[in-house]
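The following pair of complexes shares a single chain, chain A, combined with chain B in the former and chain C in the latter.
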Partner chain A sequence: MSPLSLELGLGLLGLVLLLVESFASVPRKLIAYAAIGGLLAALAVIVSGAAGSVPDSLKEFYVVDPLALFYKGFAIIATLATIILSLEYAPIIHQFVATHPERTKEAGLGEFYSLPLFVCVGMMVMASAVDLITIFVALELVTVSFYVLVAFMRRSAASLEAGVKYLILGALSTGLLVYGMSWLYGMTGELSLSGVAYKLAHWEGNSAPILFAVGLMLAGLAFKVGAVPFHIWIPDVYQGAPTPVTAFLSVGSKAAGFVVLTRIVGTFLTPGSVVAGPVIQILLILGGATILLGNLAAIAQTNFKRLLGYSSIAHAGYLLVALACIHTGGLKMTSGEVAAFYLATYLPMTFVCFLILSAMRAKGYGEDIASLKGLGRANPTLGLALAIALASLAGLPLTAGFMGKFFVIFATVLEGYYTYLAIAVIGAATGFFYYFKVILAVYSKPDGPSEGPTPDLGLLSKVSLAVFVAAILVVGVYPDLIRFALVK
Partner chain B sequence: MPAVLFYLFSALTLVFGLMVVVLRNPVASALSLVMSFAGLAALFISLDAYFIGIIQILVYAGAVMVLFLFIIMLLDIKAEALKKVNAFSVVGGALLAIVFIVQLGMILGGLEAGKKTVADVPIHFEAAAETQKLPTIKDDLAKKSLPDTKLVGMALFHRYPFQIQLMGALLLVGTIGVVILSKREVN
Partner chain C sequence: MSLLEIIILLPLLAALVTWLGSPARITALAASLLNLVLVGWAFLNYQSLHGADGAMAFRHARTVLTSPHIQFAVGADGLSLTMALLTVLVTLAALWSLVDKERIYYTSTLLIASGALGAFLCTDIFFLYAFHELALIPTFLMIALFGHGDKKDAAWRITIYLGVGSLILLAGLLGVVWYCSPEKGKLTFDLLALKPLAADAPYAKYAAANFFVLLVGFGTLVSLFPFHSWAAPAYAAAPTPIAMMHAGVLKKFGLYGLIRIALPLLPTGANTPWVQHALLYMLLGNILVMGFVTLHQRRLDGLLANSSVMHMGYIFLGLASGNALGQNGAVLLMFAHGISVALLFMLCGRLRNQLGTLEFDKLGGLAANAPFLSLIFGVGAFASIGLPGLANFAGEVLIFLSTFKNFQASEGFTFLQITTILSLWGVVISAVYMLRAYRKIFFGQPSAGHFMSDPSLLQRVPMFLLAAVLLVVGLYPAILLNVVQVSLAATGLK
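Our next item is the complex of A and B:
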């Protein structure tokens, strides 16, 4: 079985679901269940290792190495979680898509459940892409699908505003990326990353044009992963987008950006490359600024979604610093694997937060931190899950988040980047402050006597919540679980 | 192409490109963009890239711009023209653009490739004809004419069929998005 058949299969499933959605009047939930079933099957194929080798005609563009398989699995899990979240969030979507919400029941939900499949296809191709054209095409498939998903709640001004902002800034960053790619192609005459790496290692003469290309490409990708100073879009877009899409953006889109970044940075840092020094400097400065700004700006936030937006910026900073630390032999992982590990710890904790946020929103609660008050009493299970996820985001020992940060900090020590070690530690300390502020809200008394409906979850969400919380706790004690998946 | 024409078309492209940003009336901006594309198309053609030159006119100056004008027609132009300019963003944007242009100029000045002309890099038709398998392209090259449309087609459908299909998915998603966002009544 060719690994490509996974992408093709999921793409076809997306098409079929769209057709079913338009021509048959099935309950929209069934479409979501079909998508979940397809994704689970694809995940099973990847985990079982049945994904075989790549056909010769594609070898030039497409690789299936452990890193690619890891990110493919990651994309599938993120998409699964997004669709499960969407099931919780469905009433809100319907309310803001239907022109007459009282007359229709499930307006727009069919598309909302099937579009993530196309994003997943794009992210899976990105995980394997090793040539500039393939990277660009897959990246655009992901980004364009996200433009639609972010603006999906068309009767909500916030969602439309988020969509327009994301569209314009996304197009700008794509322009930067493509311009950089065309310079790189113009200077090296190569489109495949291995070809570019060879040319960079044997470069003679002026390296300024290459640096120009590198700068533009890194700027474009920094936008996609939300690194300072290309992060300005994140808070507004995260706050305005439908909550499941925000979760998908902050986990899926970020991971897809980082797999491309890992491969491209790996090309730039190939042994003997003319641009290795500057690229490491750029990554470190971007990463350091991102950690500081993301964490410090998060302190003042009162909206939980916006807070998670800033926290996602801060996490991108740690990931960038991880990519810059290339001598990580002491960890028995490459820098790309440290970043992948960090993302794997970031996925469950972020999805737990957004899952609970979706469920609360669907029950009529707001998205402010203050509206979480009393959750610990109303539904102790949800309160505990949220507290664990937040503690993990902060990096409390014995949680997955601690392990992610630990490896990054260890990598900076191995490299001797003590400035960035200090920045990472300051960032983590700040993180404790604002994440624990939210935990405090969860376990404090509600302000007024007015008792809202108890937030609760559907069965699928309960199962995934349990799986994610278990993952946070198990990986926090036994990180080799993820390491084996990466370094096998 | 004589150097005079190159400078003429470059100036055309740049001046109208600048006007796209500077002009306050959206229709004038859009029409300036058409002119800028036309100048760019002429530059492509002067580099023997006939196919891209024609596509530049057909697709960008033709189809895309007509759509732009349609959209502008549906919007409230007066409100747009009356909007106040934010001095900070103008200064910031101009500064950023100047820094970028200076950087670009310095790099272009140091490039060896910039000193060559098309005449310095002749196409070796006979050698190229031997590497090609497809008879139509081989014949064209043997007759010393550049089959650029056929070469683009070869690249798209022989070398990158997989990527083309991904683009298909992308366009589909875009279409669905437009329908969802603009349909009057969604059931």
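Our next item is the complex of A and C:
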């Protein structure tokens, strides 16, 4: 079985579901269940190792290495979680999409359930792409699908504003990326990353044009992952977008950006590369600034979604620093694998937060941190799950989040980047402050005298919540679980 | 499952069961009693079962990560068993003294106990660090949610100070792992496999800096001057069992870490003159500056909180002495201080509950109606001053003597000895504020409107337990020193 058939299959499924949505009047939940079924089947193929290899003729464009398989699995799990989250959030979507919410019952929901499949296909192709054109096409598939998803709640001004902002800045960053790619192609005459790497290692003559190309490409990708100073769009878009899309953006879109960054940076840092020094410096400075700004700006936030937006910026900073630490032999992991590990720990904790946020929202609560007050008493299970996820985001030991930070901090020690070690430590300490603020709210008494409805989750969400919390705790004490998947 | 794993996981399990809804008091007390029996058994049988060489016993390891090598490894020697004994004693007393409290008090106390036991009994640096952090979370939350007075401010302060301190500590620990792993490229967190490579030429230049980072990291956790300002507000604000657990047990983790990790692995760092001098100045800050701050307290909770910061200075002096006598004294004082401060905080909580105030000016003459309470408070207060016959005295006298071990009359006093002489004034200061507080609260003119009665027989048990330990160890310190001494020698401390 060719691994490409997975992407083709999921893409086809997405198209069929869109047609069903348009022409058949089935309950929309069935569309979501069909998507979930398809994703589970694809995940089973990847986990069982039946994905096979690609023919030699494709190897210039598309590889299937452990890293690619890891990110493919990651994309599928993130999409699964997003669709489950969407089921939870469906009432809100419907309220803001349908022209007459009281007359139509499920208008617009089918598209909302099937669009994530296309993002998933894009991310899966991207995981394997080793060619500038393939990378670009896959990245655009992801981004264009996200444009639609972010602005999906068309009767909500915030969602529309977020959509426009994301569209304009996304287009700008795509422009930068393509411009950089065309310069790179112009200078090296190569489109495949291996070809570019060879040319960079044997470069003679002026390296300024190459640096220009590299700088543009890194800037374009920094937009996608939300690194400072290209992070401005993140808080607004995160706050305005429908919550499942925010979750998907913060995990899926970030992972997509980082798999490309891993491949491209790996190319730039190939031994003997003429741009290796500047690229490491750029990554470190971007990463350091991102950690500091993301964490410091998060302190003042009162909206939980916005806080998670800033926290996602901060996490991007750690990932960038991880990518810059290339001498990680002592960890028996490459820098890309450290970043992948970090992302894998980031996925469950973020989705737990968003799952609970959706559950609160569906019961009419606001998205402020203050509206979480009393959750610990109203629904102790959700309260505990959120507390664990937040502790993990803060990087407390014995949780998955700590292991991610642990590897990054260890990498900076091995590399001798003590400045960035200090920045990472300061950032993590700041994180303690604002994540604990939220935990404290969870266990405080509610402000109002009356008790609102008890937030609760559907069965599928409960199962995924349990899986994610278990993952946070198990990986926290047994990190090799993820590493075995990563380092085959 | 090995014995030590059961000891660590038992409180955790009890916390979980309590959280799920089992009868809180019975579950918690049963678990902590059982744990006291288990730790007591291990303590008493340590030497007979495992020879007298002071090595790690009851060892067991499960690999968690292959590279770098991280194991869930447990093991105990005289030092860890002493600290574990302290933990289970204080835990039992703290849980027993809870009256009519919500479930979360039991859960959090058990969680802290589990974290502390894990920190003291793990022989892998990773888990040693991680368990300590686990114990901090309930501490922060309980102060913020159920504290007294300015609880939010105190909670934030302790969260940030200890959060930053732990991260500095993490950086220092990673440095140790990096410098001391026996083979490059094969990093290990196994304490027993790490060799003091830092003495080798290529690493020697980092040893002092690395030791200092560890000193700051661990020191923040122990409220070493000038990183101490979280401690007094936090203890004054904390709910009673939390104050007992943190001031009595968890705080000792920083000192334990210095003795277990920093001193044996980075001996050259510890012996560097500038590091030694820095430590001496800082501990003088603890004893003298904090001593004067304590003198000016007007409330009992503030007095106990500040005095517990002050007494850390003596323990650091023991570590700074650089010889076995002082280190033995330090360990003894860690144990004694843990018991005595837990006892005092327990009584302080009782006074607050019954009287509603802790200000000296409003209290007086309580001994008339509460003779037992005043007797027990006296034992705690006198122990804390360092009255001979109580456990703290044994520790302090060993520490003071140790610094004069190599005294040569012809060479005059060294800086260490001058520090000791100045520190001795601390004893006078402690005597002044403790006796004054004791007199004001329990003797003199009874104040109107404040009536205090003795606790019921059942509630006297935890007080009696801690007071008896102070007395027994004070009169017969060899009960601890016998096991501590050989183990300290075996870790390679000089």
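Convention: the second predicted complex is superposed on the first by the 486 of 488 C-alpha atoms of A that agree within 3 Å, B and C clash if a C-alpha of one lies under 4 Å from a C-alpha of the other, contacts with A are read in each partner's own complex, and residues count from 1 in each chain.
One rule holds for everything that comes next: a contact is a pair of C-beta atoms (placed from the backbone, for glycine too) under 8 Å apart; a residue touches a chain by one contact, two chains touch by 3 or more.
All of these numbers come straight from a predicted model, not from anything done at the bench.
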item: Which superposed partner A:Ala75 touches (first chain B, second chain C, both, neither); value: neither
item: Partner chain(s) touched by A:Ile313 [first = chain B, second = chain C, both, neither]; value: neither
item: Partner chain(s) touched by A:Phe212 [first = chain B, second = chain C, both, neither]; value: first
item: Partner chain in contact with A:Phe61 - chain B first, chain C second, else both or neither; value: first
item: In the complex, chain A residues that touch chain B; value: 4, 11, 14-15, 18, 58, 61-62, 97-100, 104, 107-108, 111, 115, 118, 121-122, 125, 133-134, 137-138, 140-141, 144-145, 147-148, 151-152, 154, 163, 205-206, 208-209, 212
item: Of chain B, residues touching chain A in the complex; value: 103-104, 106-107, 110-112, 160, 162-163, 166-167, 169-170, 172-174, 176-177, 180-181, 184-187
item: Residues on chain C engaged by chain A in the complex (per definition of touch); value: 19, 64-68, 72, 126, 129-131, 133-134, 137, 140-141, 144-145, 155-156, 159-160, 163-164, 167-168, 170-171, 174-175, 178, 184-187
item: In the complex with chain C, residue positions of chain A that touch it; value: 329-332, 380, 384, 391, 396-398, 402, 406, 409-410, 413-414, 421, 425-426, 428-429, 432-433, 436, 439-440, 443-444, 477-480, 483
